[in-house]
Each structure stands twice: as C-alpha cells, then as structure tokens.
C-alpha cells in the first residue's frame, strides 16, 4: 500500500488519455452514428486535444485535486455533449475527492473512482442497466476498490477495473438503450455496443498503459 | 453530400463570424466568445430574458430566433453538440435585465446537463433562472413516456409565445407559464428522406435506401419509428397528421397554428404540397387554422425531409403568436 | 434525390393550392387558373403594377415576391417551364390599376417569347406594358455579350427597387427606370455542387462527380463556365467575387447590397461562411455593405450550391432597397 | 397537282403528331438535359396530349386555317417553353396562311411551311446557323416547296422535306449553339444534336407516316 502515483504520473496519464481520445475519433464516430448523432468521436477528439494542451501547459503545483478540477473545466469547454459533460463532471468530482494532495494512494484512487461514478450518476440521472457509460464505470470503480482493499498492486487493481469495465460494457450490449439519444432508437440498439461504454474502456486502458 | 466550407473545425466559428458581420445591428456576442450570441441591445432592463442553446446545424434554430419579441441570447455548440455550461453562463450574465432568465431548449442529454450546471452557477450570482424543456416530438416516445420525448421544431412556438409575453412585460412566472402552455399544446412529427453529414465526421450520420424514408426521425438523424418505402406526399402527411392528432386530440371548432418545416434539402414547393393536405385534413375535421408557417424553421443541414408541428391556440396563445417579432431569420409584423 | 410529392404532373397545381391556402390574406389568383397568382388586394388603383413570371422550382422566385412593396402578380409555369402568354395576360388584366404594367423577368427564351405575346395582346386592351429583362449572371456570357446573359437571383433586387418605387407612387417611367438602374448595378454568379431533378423527368438534369463543382451554373442546371475540383468556401467565394467585381468594377468608398443565396440543399450555415469571406474581401477594398441578404432567394429545388449577387447602391437605390415590403417569403420593416 | 389534303387528314395528322410527341418524351428529355434544362420532353409530351385532345374534341367546320390557329393556342396553353411557344407560333402562322380552306393543295402546304418558318424566326429572333430548330425547319420548308414546284407528289415532297430536315439537323450538330439555354453552354454543345432539331424531325416524320 506504500505504492503511490505522483503528480508527474497524473499529468502523463492525462496526456496519454488525450492522445488516445484523438486517435479513437473514427471508431467512436462510427459507434455513435449507429445509435446517436455521430458526434462522440468528434467531441472526445476535441477533449483529447484540450487535455493534452492542459497537461502540457498547466503545472500541478502540489494540488492534484485542483488540477483535475481545472482539467474537467477545460474538458467541458472543449466538448460538451452528454458524454463530454459527464467526463468533465467525473474529472471535477474525482479532483474534489483528493483536495490538496500531491500524491495519490490506492485508497485515494478508489475514492476518486467512486466520486466520479457518483457524479456521473447524479448529473446524468441514469440508472445502472439503462445501457450507458455507468454500466462500465460503476463495475470498474467497484472492482478497483475491491482489489485495493484486498491488497493488490495498483497495476493489478487497474487490470481488474478494466476487466470489469469490459464485462460491464458487454453485459449491456444485448439490452435496449433507455436514456439519451440512444433511448429514442429503441429496439434497434439491441445487440449494439454502447458508445459511451466503449469510450470509457478505451480511456481506462490508456490510463493503465 | 458536398459542403461549402473551409476547415471542418472552423465551420461553426466562421459561420458565427459571418452571421455577426451580416447582422451587426441585431446581434452581438458575450465576452470574447462568438459562441455566445445575444441581442445587440441586451440586456433589456426590466424585461425577463430568454435564452436557448444547442448544437449548430439547425438554422434558424437556435440562434436565428435571437431578436426583439423572441429570444435574448443563445449558447451555440459545435455541429449537433451541446455548448458548454460556461458559454450558457456567459449568455445568461449578459442578457439578464434584472427580471430573471428563462432557459427554453430541447430535451437532449448534453444540453440538459450543461444548462443545469449553468443554472447552478447563475444562482451563485443571484440570477433567477427557470427552465422549460421542449419535448414535442411524438415519434420519440409514446404518450405515457412523454417526458422522454425530444425537442424539435415545436420549440419555435415556445420561443414565439414566451418571447411575446416577455416583450409585453410579463413577469418571470408569466413567461414560464406562456412557454409551458405553448408546449402543452404543441406536437411535432417528422420524416427524413436523406441523411446529413456532420462536417468533421465527413460521412453521413446514417444511410437510407434510394426508395426509403424514415418516419419519425429526429433532427440530428436519430433513428425514427420506422424505415419504410417512400410514400406520396398525401400519404406521408396523413401519417404525420394521424400521429399528432391522436396525441394532441383537438376537437372540431378548435383553432391550430400549423408549421410545415423543411429539414434542409426539401424545397418549399414540396412543403406547400404537404400544407395543402394538412389544410384538407383539418377542414374535414372542422378544425381551423389560426396561422400557417411554411418554410425552414428547424433544419438538419442538408437532410431531405420535413416535419409538421401543430399547436392548439386559445385567444391568449393566438395573441402571443400574433405579436410582432424581428430576428435575422424570423420577422412578423 | 427523393421528393415529397403525389403525381409529378400535379406538382405545380398542388403547390399553388397549398400556397393559396396558407396565405389567403395575401394571395389570390386571376380568373380560374391558380397559375395566375396576384396580390389579394389587386388591382391597386392608380399604382403602377409589376408582374413577373417563369417556371416553377425556384421559390421564393418568382411568385414568392408577390406582395405589398414588391410585385403585383406572377404567371407560374410548370417546373423550369415558361407559363403561357394567356396566363401572363390574365395576370396583367387583373393587376392593372390604370397606371400601366411593368414586366420584370429573367432573360429566357420561352419567357421572352410568351411575355412578348402577352404584351401584344395587352396592348389591344389599352394596357400599357413595359418590359425589363433581368440579365445579371456574369457567368453566362462575357461582358461584350452582356445582352445574352441569363437572369438569376439579381432579379430580386430589381423586384425590390421597382416595387418600392411603385409603392411610393412612382410613374410608369420611374418604375421602369428604377428597375433598370437596379439591374445596371447588379451582377450575380453561382456555383453548383449537386444536380436537381425535375419531378416529371425523374432523373437529375445533370450529373456531377463526388468531388466536383460547376462554376457559373444557372438556376435550371444550365452548364456553367467550368467543371472543377471542389474548392474551399473561401476559394469559391474569391472566384465568384473576382468575376463579379471585374465586371461591376465598384470603387473604394462605394456601397453595395450583398445577397448570398442558397440554391436549395446548401444550408444557411454555409451561406454565412461565404458571407464572412465576401465581407472580408469588400473590407479589404474599402467597399461598404449597405445591406446583406443571406438565405434562399432564388433556388433550383434541391440543388446544392450558392450564388452571390452584388448591387452597387447610391442614395436612391439604398432608399428603394430599405423601403418596407411584405410578401409571403420576404418581409422587410 | 390535283392531290389535296382534306380536313380529316389534317385532324388525323395532328393526332398522330400528338401521339408521337408523348412517346418521344424520354429521348427529348435526355437531349435537353445535355444542353438545356431538360424540359423539352415534358413540354412536348404535354403539348402532344393537348393536340390529341384538341383533335378529338374540336370539329374543323370547313376552316382548316382557323382550326390550326386554335390548335396553336391550345399548344401554348399546354406547354410554353421556347420550343413549345415556337411550335404554337408555327401552328398559328401556318393556319393564318390558309384562311377558310377546307382542303389543302401542295401550294397551300408550301405556303404554310414557309409561314411557319417565318413566324418562328420572327418570334425567336434566331438566325440560320445559330443551331436551333430553324436549321431543320427552314431547309425542310424550302425542300418541300421546291419539290411541289417541280411537280412531285406530296409524298415525295414530304420525303424531301424530311431528308432536308435531317441533313439540316446534322449539319449544325458540330457547331456551337448560339441562342437560348444551349447558347450559355458554349463549346460543350459542339458535337451534340440540337434537341429542337431532333424534335422537329420526329414530328415531321410522324406527319408523313
């Protein structure tokens, strides 16, 4: 449990996710065109660029929490579709969970994950099972916390979270989307991957890289 | 579909730049962000201010209705993407004339989340904000789940009626009530014949067969109720009318406002062919037309198709609808 | 391109039926032929009457400009086809208020021949008729052969200025002079990105490659000056501006009216991107904009593309342009 | 020269041309789409219908001239594009050349042909060589008159007119159109058949049938 993440690692991870989001534009556009309005790839590519710029240009100054909060605001400025806004909310809430810290323990990370999950649910008012990003995010947050709790390494906990996110994503693929644009598509969403779940899996994988 | 543009990423800011240059007496922007479009003379002191917002690609929706007698400001997102909460806040601050601000916008996740955030932020600055969500599209959910419906062209009637009420000096409560009353009596349904392309996406949002149409499609290309073989204008109109009338249930002797709205590529000639049938169906039921709007009021770039909106009007709504308005896209005298 | 219609042969009469039902206070028809659209309050006694005419498929051109401050009547042909001399005569008879009639229409063979026949017939009834041909399209012939040029969106400026002059009580000579002065100072050029389909023809008038555009195309799909690779909005705008400015030759300090006109499928967003560049180019040359019109003023059904019209205005033309007008498609206050 | 055409034959010929125009819609649409606005087939199909209706519903009453004049007015009502209006003008002028007649001699027909030609030139203000219907109509009228003059049968004169019309049509195909919509197309009309010439050839062939 002595394992920690320092601010340089947070900055590097933020930048890495930013790069991944830009390079994922086409695949996410494609998924969102199938059950939405096709903007998810564009939104996240813009947010990806903004995160890279933010990571490069904003010193952490010993407060990772505040830094993440500001990253969330930058993300909202860059792209404010449903998912973009939820991502911004998640960053802001995760940041608020670790005020003034300049290094993060496994417990910090668990708390951030949980705060992000709660924030997304509060802002978006969707329920687990509605076939949204929550169905990947919530199991990932829970798996991460359980692994940390069980004394596993951060890498192991991360791997567990990713596995849970993927499982969560796949578990709702057969279902019908209940909220957001996809909710209007109805039965034609059955059997199709939720774009937000996929985006979350992509981001989480890139975080762990 | 081919577009006249420069860099796709510049589509919206360049459009806004052109718009501000074309209408300098009518429009301005808040702070240093052209995405925050406001009436040039805002704030109008003592008047309840109306704001809307949403993605680009729907002109005249949303920003085209900013002007005297309608809206005071509009936060403008990228194509089909919500503007940010910060932009909505900047608009809110600039248009607030001391009598509160009403947000009227379509029921879309991104917009709702961001407007909610903006309203929270505005409350810290003692700006009273009220929200009216537009959910007029009968094709997007059954009547039992009307709260899930999306907002489409019917929002224009809400802008018009609430804007008139505010222009007449109505209080915050009265303006909200006018918007809600208009929307309670408004239903829309659309049909799409061809897709549209988000400039940055570069390929159509959906595909549709040479001989197909999508009944009930949304204005961002959200799939509708049914993919079918293309029908005649009269058949299509009957389909839309039936869905709307079954939901709105007007009685003989009622008066309606009618809007036949082109989604983009469909020419006005075809809209009038639709209107002809609408008028016939209403006449057959003994329902009168108070006012007819035929043209492009809420589009999806170059999508082919049309939507039909009916609003039941009593004397109050009729008077609000008839009140003058003057925006770059909507003039009524 | 898919259309919302019933029988192709009924396209125009059903469109007219819908139009008359949508605007009963503003429009009527002469005799028993809906193809003869006139102001509901015509004849306006003592006023010089203005008539136009031409094929359908160009709304708001032609009939959309019938109304107070603009035209008194319009003979409506089938899609892209001239109306008959008889129809023009019926319009002429109905709108004649005792002060003469001015025909303003585009320089197309069928229209010219039929309007000439109609004018001959009207003269037997002691109606004085004067003709002003619109020839604003710089792409259709070089300056030395300007008399061969076709008439496109620039006709709207002629309708506006001549209509204002008549509305102000101008004499037949003065109204003709106003129309001619407007047109002497007006030039247009267009670019098409996609074809359109005449309903009865059922297939596109021309084809155009996925990555091509036609510079200088006419509003019926008449081939233009050049088929080229699609360029950016700024490049396209520069092309159109250069052709027009070289012909019109405005000087620094001059003022222009600008019309950026969508041909049908091209959304207003793109028109404003064009306007942005127009404004820049004019500003760079020290030329002012008196008024900007951005929208659909003269279309080709669902053709994608745009045209640009510039009119040099002095104080007289500026005042005529600023005069109020009220038609189903054009309101200015 | 005793050979004449009676009013029943005129009515039958008018009807025959009407039928031919309707069945030629597609080929004429196609030609007019290449150098015009694509309405020629539609216009002439409408005029063809109108001529059939007119022929069926209007008794000649001993005055072929007047009857043809009225046919021209019916044609103008039905379709008034450039070619439609010129066709109407031709009918009216041809009729005016034979007032009060209830049978037509070869000389009458020559006079009608010449009047039609002159009327089309006057109304349309085009010159021979401008690549319009005149380049088929004028040689046809001249060949017909010459054949009648030379004492040939009406059938022979008609055949000569048709041959001249075709030759006239083909002679201008390589040229650039100078008037009307095709005039704006410029060099791209070179090598393409003028739609109006083709329409005239089709009508003339049907007249002679």
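Going by the order they are written in, the chains are A, B, C and D; count residues from 1 in each one.
Please note the rule applied: contacts are C-beta pairs under 8 Å (C-beta built on N, C-alpha and C of every residue); 3 or more make two chains touch, one makes a residue touch a chain.
If you're wondering where the values come from, they're calculated on a predicted model, not measured in any experiment.
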Approximate Å spacing (C-alpha centroids) for the pair chain B, chain C: 29
Centre-to-centre distance between chain D and chain B (centres being mean Cα positions), rounded to whole Å: 54
Chain A and chain D: spacing of chain centres that average the CA atoms, whole Å: 76
Sites on chain D at which at least two other chains make contact: none
Touching two or more other chains - residue numbers and ranges from chain C: none
Graph class of chain-chain contacts, one of line, ring, star, complete, other: line
Interchain contacts, given as pairs of chains that touch: A-B, B-C, C-D
In the complex with chain B, residue positions of chain C that touch it: 1-6, 11-12, 14-19, 21-23, 56-57, 59-60, 64, 191, 193-194, 210-211, 213, 230, 232-234, 236, 264-277, 279, 292, 294-296, 299, 301-302, 304-306, 326, 329, 331-333
Chain D-touching residues of chain C, taken from the complex the two chains share: 55, 77-86, 108-110, 113-114, 116-117, 140-141, 148, 150, 198, 200-201, 203, 205-206, 218, 220-223
Residues of chain D defined as touching chain C within the complex: 29, 33, 35-39, 41-43, 46, 73, 76-77, 79-86, 89, 123-124, 179-181, 183-186, 188
